[in-house]
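To keep things clear, I will list the structure first and then write my remarks on it.
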Amino acid sequence: MRPRSLSRHGVTRLSTVSLAALAVVALSACGARVDSGEAAPTAAESCVDTSGDTVKVGFLNSLSGTMAISEQTVHDSLQLAAEEINADGGVLGKQLEIVSEDGQSEPTVFAEKAGKLITSDCVAAVFGGWTSASRKAMLPVFEAQDSLLFYPVQYEGLESSPNIFYTGATTNQQIVPALDYLAEQGTESLFLVGSDYVFPRTANKIINAYAEAHGIEIVGEEYAPLGHTDFSTIVNKVKSADADAVFNTLNGDSNVAFFKEYNNAGMSADEMPVVSVSIAEEEIGGIGVDNIEGQLTAWNYYQTVESPANEAFVEAFKAKYGEDRPTSDPMEAAYTSLHLWKAMVEKAESFAVADVVAAADGVTFDAPEGQVVVNGDNHHIAKTALIGTIGEDGLIHTEWSSGEPIEPDPYLEGYDWADGLS
Amino acid sequence: MTVLSALARPGRTRTLAAYGLAAALLLLAPTVLSPFRLDLLAKFLCLAMVAVGIGLAWGRGGLLTLGQGVYFGLGGYLMAMHLKLADAGPGGVPDFMLLYGTGQVPGWWEPLRSPIAAILLILLVPAALAAALGWAVFTRRVRGAYFAILSQALAAAFTILLIGQQQTTGGTNGLNGFRAFFGYDLADPANRLMLYFIAAAVLLGMVAVAHQLATSRFGELLVAVRDQEDRGRFLGYDPALVKVVAYVVAAVMAAIGGALFVPIVGIISPADVGVVPSIGFLIGVAIGGRATLLGPVLGSIAVSWAQTSISEQFPSGWIYFQGALFILVVAFLPGGLASVAGVARRRRTAERSRA
Amino acid sequence: MNDIDLTAADALLGTDTARFRHDYLEVRGLRVEFDGFVAVRDVDLTVTQGDLRFLIGPNGAGKTTLIDAVTGLVRATGSAAFGGTELLGRTTHRIARAGVGRTFQTASVFEELTVLQNLDIAAGARRRPLSLLRRRADPPAAVDQALETIGLTALRDTPAGVLAHGQKQWLEIGMLLVQDAHLLLLDEPVAGMTQAEREETGQLLRRIGSQRVVVVVEHDMEFLRSFADSVTVMHQGQVLAEGTVNEVQNDPAVVEVYLGADAASSDATTTGSAEPVATEGDHS
Amino acid sequence: MDIIAQLFAGLSLGSVLLLAALGLSLTFGQMGVINMAHGEFMMAGAYTAFVVQGVVGDAGVSLLLALPLGFVVGGLLGLLLEATLIHRMYRRPLDTLLVTWGVALVLQQVARDVFGAPNVDVRAPAWLSGAVEIGGLALPRTRLFILALAAVCVVALALALRATPLGRRIRAVVQNRDLAEASGISSRTTDRVTFFIGSGLAGIAGVALTLLGSIGPTLGTNYIVDAFLVVVAGGIGQVKGTVIAATALGLMQAFFEYSTTASVAKVLVFVAVVAFLQLRPQGLVSVRTRSLA
């Protein structure tokens, strides 16, 4: 070839040709349109292989990035549950084979890895997710592929996907009982502090509606960007608002800065208690017991819960991961989720998603938090609400209990004051 | 064309061959990859589009932009907003607004109902922002590290804004759960294949545009202004204008990448557009060879692939790997892997001419 | 070593009789201040076409600052007009488009681009934006003439960065020629050159000076004696004396403040451009 | 009353930013680019405080010990970075930015692997708990301590730069590397000492931050963008610029946050810095040079 022919327009010409070729291919590859009435081919048939001695399940937690702090603990308790189940003969006689993926604390990665677990690894179910964003990102993937996700963290409600089981609390099992408790204690005014994202904003919307109906005054509502580290202004506002209590939906590192500032500004649990819904046992060490002792939390499980199931769980966990490792609500919910899936599969006598979902209603498990029951309509589970006080031992001690499991109500349909919230 | 000037550009034949090879590989990829892997490749192609723009702005123009996530995000969010509105149907309200918002579509969303307006806005909004910001900083001769830090702060501010406007932007959740792409069902494998081909064609088109810009007089001017800004000024050029053009082109390429990322990946969230992903865009460019034509594309795809496969094996391994890549490649191989090939080639040529 | 080609220079410069003696640089009351320190004060200077003007003075006299002010690099008050156009207050690239070109103490060329590309860019500031998006077909005639003039035709496809020191300075002068600058401000153009190169450069400058307005900042007294038509001496930011080489050399004030230090400053020139690139007024 | 409280909050935030940015501006001036690993040097300082407290036990003694030790740890990390990577790259400032980003990533992961992903706690000494009441205004003692610490660091740094021969050499390099080199000043020793001091200051900042916030692998990233903005707005080469910029940014954030929200305040501060750079592209205090680079 002479250099000339390659010289001036060679690249341009070739690129035109290749672009045209690709454009033709792209158009010829067109599939169904949503508005044409053609039926889109349904999602690929499930590739889950149940012919052998094992069945694959996926664990999808953030093992790197900012959420690794929390999600690693969930991952650990899932591993524990899998080991127990395998030691106990597996599920329907098949040993669990764990495929573990890292969500990297990014919703996009969660969506991608969920797709990988379902379509490449062909897992029978996936366990994991923490942030609302990660769950929202995975939801369409599970619905499109008609697969199952077990999500183990308390969240903001307003959701009930046929392909997700929610084993953490929805709002009427955590936030509403916490408000009931505060109202019982004679709280007349509240200050709301939260991180600037979905859960706190939705929670505070609910709290505002509740407060209005119950004559509680909301004297302030402040949001800090995720990762915010300077709380002097917000604490100044809290202090001068002089509320009866503070409702705290801050997330992660911000809690440390908030409580240090709160204490240093001379405020205490006696003066203005803080009710937190995102601080569990494993975060207390990082905040410093001195800074948070006596403050309140709302969950459905504490390491100090007294039950034979919990004693066994805590003992097994410490034996596997070390004496210094506490157990917490999300860890318990994750542990429970794997056992619940096993119970559903065994009730259905099938690993197929449709069979498992059909069998889910009424499945129970004697969980560390007490017996839990799956609600087949909304895929949540009935849980007992517990208000706890943080003790000087760094653990949380139950102060108040709803007494019996609360039926899940993710859309708060059973509460008059919540009309028009969603 | 004289023999002499042909010799001056020995890269031409190779460029052409590489381009043809890349096109052929992209065309054949669907025959060997599973649908899941093909979707991943399509996603990598979208990220590579950002890299093409960075190659031009940074490699050629010396503009170290640590905020390309902003333009990627603008393109992505505008596309996502359109898809959300289209899914909701005429006059409909996107699902997340019903859950978290007022249940009303805000006025500034409305123009995006029209597919044509959406495409225009995807191109124009990032271009306008880049032009305004570029003009403001470059005419004041803000450059080097100052520009890098400002662009990074822009990315930080952009994510804070996105997260804070949950009712209208989806907050940290971002926007996802799209059913259709301009009427085509996103669940249909044939349509996903179509999206892949669109991404491949757009990327090849961008590479051709970048090639034309880099080899044109503008490309020479860009290098000139990068190395000796004042000399350019004393020759009567306005360096700010030259830089703004490069910055705008890079921004538009990033925006197109973002816009295609949305239907392919099915989600866009603040975590895809902030400070960290913005710097992440640079690593592939640095590894492939920032000043070369195909280097940024290949580097970007390779890094994306490495991220996916390494993190599948060792979660924390990826962070060490990424950190090590930044350190080793940038410190010891500033020309990227392309410069290794270049050195080897020069050595071969030298041997041949000696023989 | 390639040589300067004066015939090509003539072709490039042309003999624009219409302009003859009409172009001149006129500086009036120029003053430059850095944070309270006055680097240049009350400078008046008139340079006409055909008068190859040398600007001398000890380090810190304000010579380079004066050029910086005229080319818009530093802010100044007063007036500096070229061909009837006021330059002060304009941006640098607009001053350049008004026909003002300059060189720097250290040769400032685009090192990654070839010699040809350097000259092509210099020739192109007035190109229409769209034409920039095309690849260069054949370089303009002026570029070929400039290549001949500065003796770099054979090296036209060599990256400028690998040129010898003297060649870079020639390339810079060539760029001013294709830029079609009518006022050339040259900052130490022969620093670091061999004796033979200086001689050739001097001849070229003399040829350019006959068709353009040229101001040369130079320390080398021998070079100055050989080629200067007239000399302006600066000292502490002010014009100390002005006239022919002889007049200036015999000016008692100059002898006192400047030529007394002649020995020291010609030492400096032999080591290249030793004048630091720092602020003249930086006493911090 | 509220205004005074906010004034204090702003000054206090300013002092935190100043501690984070002081060393950064020194290394920025010296190498011409921002060290992205500076935040991780702060993290190293914070973990130093954690380790020291684990060994010593008493919160007061360990804090006072951790300050100099944090300085040394941060400084040594900086020295190592300079000696292995930065010194090859003084002519490629923008590349340095990317290399130090890589270093930051690695250091974060190292911290995660060594100390675990969860945050750790450093107890504040009893004499720093609670607040000082002045006319109905409660000033947290930790905040007062950090204000004082920042002031001490600034004065010490300014004195060292002004009064010692080494300090004068550092200033020369920071203000104009080329000129300093031409005058034979820039020896490897000067570079190393500059980097040691700048990174050491990050270590001190890290120790101080244990009094305010979380101590975890990502501690540095929470502060680094703000610290960058301070340095960019303050300009290179003089402590004065950094002090003024840090105070101004702290006050702006506090007052914007009080009248709007924390998120909006952050965005407004960014807009203010961009607008400010329109007026002074080289920052608040810049040493004018005739250099063309």
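Think of it as A, B, C and D in the order they're written, each chain with its own count starting at 1.
Criterion: contacts are C-beta pairs under 8 Å (C-beta built on N, C-alpha and C of every residue); 3 or more make two chains touch, one makes a residue touch a chain.
This structure is a prediction, so every number in the text was calculated from the model and none was measured.
**Q** Hey, how far apart are chain A and chain C in touch steps, shortest way?
**A** Steps on the shortest route: 2.
**Q** By raw count of C-beta pairs in contact, what's the busiest chain pair here?
**A** Top of the contact-pair ranking: A-B.
**Q** Where the CA atoms of chain B average out and where those of chain C average out, how many Å apart are those spots?
**A** One centre to the other, that is 43 Å.
**Q** Would you mind pulling out the distance in Å between where the CA atoms of chain B average out and where those of chain D do?
**A** 33
**Q** Please compute the C-alpha centroid of chain A, do the same for chain D, then give the distance between them in whole Å.
**A** For chain A versus chain D, the centre distance works out to 36 Å.
**Q** Mind pulling the chain D residues that touch 2 or more other chains?
**A** As it turns out, chain D has residues touching two or more other chains at 109, 112, 261, 263, 266, 292.
**Q** Considering chain C alone, which of its residues make contact with at least two other chains?
**A** In chain C, the residues touching two or more other chains are 104, 108, 135.
**Q** Which residue numbers or ranges of chain B touch two or more of the other chains?
**A** 160, 163-164, 212, 230, 316, 319
**Q** So in the complex, the part of chain A that touches chain B is made up of which residues?
**A** 1, 3-4, 6-8, 10-12, 14-16, 18-19, 21-23, 25-27, 29-36, 40-41, 43-44, 63-64, 101-102, 104-108, 111-112, 115-116, 119-120, 131-133, 136-137, 139-141, 144, 158, 196-198, 201-202, 223, 225-226, 422
**Q** Under the definition above, what is the set of chain A residues touching chain D in their complex?
**A** Chain A residues touching chain D: 64, 66, 68-69, 72, 196, 222-225, 227-230, 232-234, 236-237, 239-240, 252-253, 255-257, 260-261, 263-266, 282-283, 285-290.
**Q** Please name which positions on chain B make contact with chain C in the complex.
**A** Per the touch definition, chain B meets chain C at residues 4-5, 7-8, 212-213, 215-218, 220-221, 223-224, 227-228, 230-239.
**Q** In the complex of these two chains, what residues of chain D are touching chain A?
**A** Of all residues in chain D, those touching chain A are 2, 5-6, 8-9, 12-13, 16, 109, 112, 117-124, 129-131, 133, 138, 140-143, 211-216, 218, 221-223, 253-254, 257-258, 261-263, 266.
**Q** Hey, which residues of chain C end up touching chain B in the complex?
**A** 71, 73, 91-94, 96-97, 101-102, 104, 108-114, 117-118, 120-122, 124-127, 131-136, 157, 175, 179
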